[in-house]
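Shared between the two complexes below is subunit A, which has subunit B as its partner in the first and subunit C in the second.
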Partner chain A sequence: MSFVFYVLAALTVAGGLAAMLLKNTVHCALALTVAFAGLALLFLELDAQFAGFAQILVYIGAVAILVVFAILLTRGSETPKDGVFSHTWLAGLAVAAAVFAVLGWAVLQAAPLLPGASPAPVVTVQQIGDALMGRYVLPLEIAGVLLTAAMIGAVIVALHEKEGPK
Partner chain B sequence: MIKTLDQIFVLLKEWLVGYLPASWQPVAGVLLSVAAIVCLFPALFALTTVFERKGLGRIQNRLGPNRVGPFGFFQPVADGIKSLTKEDIVPFSADAAVHFLAPVVLVVAVFMGFAVLPMGRNMVLVDMDAGLLFYFAMGASTELSVFMAGWSSRNKYSLLGAMRAVAQMISYEVPLLLSSVTVVMIAGSLSLTKIVEAQSGYSWGLPHWYIFTPWGFAGFLMYAIATTAETNRSPFDLPEGESELVAGYHTEYSGFKFALFFLGEYLAMFSISGLGTTLFLGGWSAPFLFLTWVPSWFWFFSKLMLSIFVFIWMRGTLPRLRQDQLMNFAWKFVLPMCLLNLMVAALWRFLGDGWLRWVICSAILLAAYVGLGLGELRRGKIGPRSYRYAE
Partner chain C sequence: MTPLAGYLLVAALLFSIGLAGALTRRNAILVLIGIELMLNAANLNLIAFWRYGPHPEALTGMMFAIFSIAVAAAEAAVGLGLVIQIHRHAHTTDLDQMNRMKG
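Let's look at the complex of A and B:
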């Protein structure tokens, strides 16, 4: 646990908290982007270049843009008058705390079972590419077909229906 | 002597760093390289603004700037002083924090891209295994800053400009990536230095640049189209179409913040031209075998400036597209052609050496482009240009 890790963890958590607590929806989306960037930097700190850059490319480059577009195209970024907090925030807090507790418990239980500090494997992007194109080519193709089908479906939903008799 | 000249900046850096204690040397070396990039490219930006205004003036049959200094060459100095001393106006209803952050995020993200570009032999800041991926990741982060600028200004023109810019950048990022992927397929690496090395051979005194292969030529065309759109340059400059949107997403920016947007736009142009040079034009390698004695950095920057010249030329020549034309062009022409090019590149890779792959790959690409052109002509969609004048 180095100093850099703590800085990045603080950045990520702060981004996540701000995404929840800020009043303006667009501000929340931007804060979420900070959390994404923090996660990407954490991946990079672990020497996982591919995961880190893919995180930036996909989450900051595409998902964040999608989120802000969705906000702007639906109800605008005005803050509702009666605040942004749900009435059932107490229940939500309890559920979140329970999930966090289970996850934390699982991680803490698993820690002693792992073999002692083994050196992290050095995985180059080339190896990831080879694995994706060799051993894992079928899952990759299926994911590609699924995404293409989803995209075509979205286009069909968005298409204007032709007027007049068929 | 030739070798010294080629490595002069590397040697200079080592000499300067040599004065420091050994433990500081790696950090100082990196800082020095960063300082060089941060100084050099804005200087190039200042030069380019004069060249652009002079060149556009030439194309449009007027003089261009000619008042400050000899032939107007000190114009950027005057512009810089002006933008530094101008009042910084933030609109009353603007979102001050986001409004301030947007230009900063843009310039930082654009500068990051230069880190992986090999600007000469041994002249790369970070020789990363996944350099190309890093570059595109940084390029993708600029979109958000454009949105931040447009949204935080609370101005309908700004917001419209930002929406247009983001939609355009996302649409053209797909062909940009797909045309670059062909190079990765052939070179077999994402590291930009390795890609340059893969193009460094010569046969009959001519270089093995990827642009001189059928798939490379088609890919370079698609890359050039996509980069023009990605940097919001004419003919794809709808996001800042003056006649419709005042100035697009930076309408509400003044003084130095506006200058930062201007700088970011040109820096993006430099870095994406540098990437194109690296991917298709052989990076820092010389165009002929007998010219290899010229320093490598000279070739890199010559090719970069040549690309910039073409950008300026296109801006002076082509009219702006309409929004629907822009999107149709991206999704119905550039994207299918990029996908076809991907197939051709794979074929090239697996046909092995010899003349056969040249014939087959050229035939496929020529058939596709010529067939498409003839088909459109026959359907009457493309005809001779017609002019209408006000009477």
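Let's look at the complex of A and C:
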């Protein structure tokens, strides 16, 4: 366990916590960006350069911007009077804590059996491209169709303006 | 503790934070943000198992994570489009006030 891992893990978890706890929705989106950046750096720390840069491009470059646009279009930055948490927040927190307890218990139980440190795998972008165009070409095509359908669907859903008096 | 266990614990913590946010926040956009955090925690698990697994040269976990990122992007676009449409219809994104199915 290296020092870098602890710093990145603390950054990611702090970003995630801030994204879920802050009152102002725009601040939440910015904290979410910090969490995404921490995750991308964790991917780089895991020697998965391609996934790390894909994370930066897709999440910080697209999803975070999309979230900010949605917040501003829905005027969601105004803090509601009666709090930002649902009235069933205690039950939700209990469920999340129970899930973390189960996951953490499972990981700690399995920790002695997990493989230890190993030499970093050498993965070039050419290998990834060969795999995407060879063994994984069908999932790649389906992902392309899915993304096209989702983009057209999102535009149609968000464009539709009902006629009539407001 | 092995490095893999550390990554798995961070992913479990991030997943639980996202789940807590998705279950407790009132703003629909923040619920979507919580779901994104949960997806990202799963991706971290996939990459960590790929890195410390017996056959990293097979690229299986890496490919799974890359496709998962693509699907999550589609999910975010559709979800945020729906939130904008609901706001246009009901003039709120507060999930506690969306308690009827009739339009």
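Here, the second predicted complex is superposed on the first by the 138 of 166 C-alpha atoms of A that agree within 3 Å, B and C clash if a C-alpha of one lies under 4 Å from a C-alpha of the other, contacts with A are read in each partner's own complex, and residues count from 1 in each chain.
We adopt the following convention: contacts are C-beta pairs under 8 Å (C-beta built on N, C-alpha and C of every residue); 3 or more make two chains touch, one makes a residue touch a chain.
Everything quoted here is computed from the prediction, not taken from an experiment.
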Which of subunit B and subunit C A:Gln49 touches, first, second, both or neither: first
Residues of subunit A touched, compared between subunit B and subunit C (which is higher): C
First (subunit B), second (subunit C), both or neither touched by A:Ala62: both
Which of subunit B and subunit C A:Leu138 touches, first, second, both or neither: neither
Touched partner set for A:Gln126, first subunit B, second subunit C, both or neither: first
Set of subunit A residues, in rising order, touched by both subunit B and subunit C: 50, 54, 62, 69
Contacting residues of subunit A [partner subunit B, same complex]: 24, 26-27, 30, 33, 49-50, 53-54, 56-57, 60-62, 64-65, 68-69, 72, 77, 124-126
For the subunit A and subunit C complex, residues of the former touching the latter: 1-2, 5, 9, 12-13, 16-17, 19-20, 25, 28-29, 32, 35-36, 39, 42-43, 46-48, 50-51, 54-55, 58-59, 62-63, 66-67, 69-71, 73-74, 76, 80, 83-89, 91-93, 95-97, 99-100, 103-104, 107-108, 110-111, 114-118, 120-121, 123, 127-128, 131-132, 136, 139, 143, 146-147, 149-151, 153-155, 157-158, 160-162
Residues of subunit C defined as touching subunit A within the complex: 1-10, 12-27, 29-30, 32-34, 36-37, 40, 43-44, 47-48, 50-54, 56-57, 59, 62-63, 65-67, 69-78, 80-85, 87-89, 93-96
Subunit B residues within the subunit A interface of the complex: 95, 98, 128-130, 133-134, 136-141, 143-144, 147-148, 151, 159, 163, 166, 170, 173, 189-190
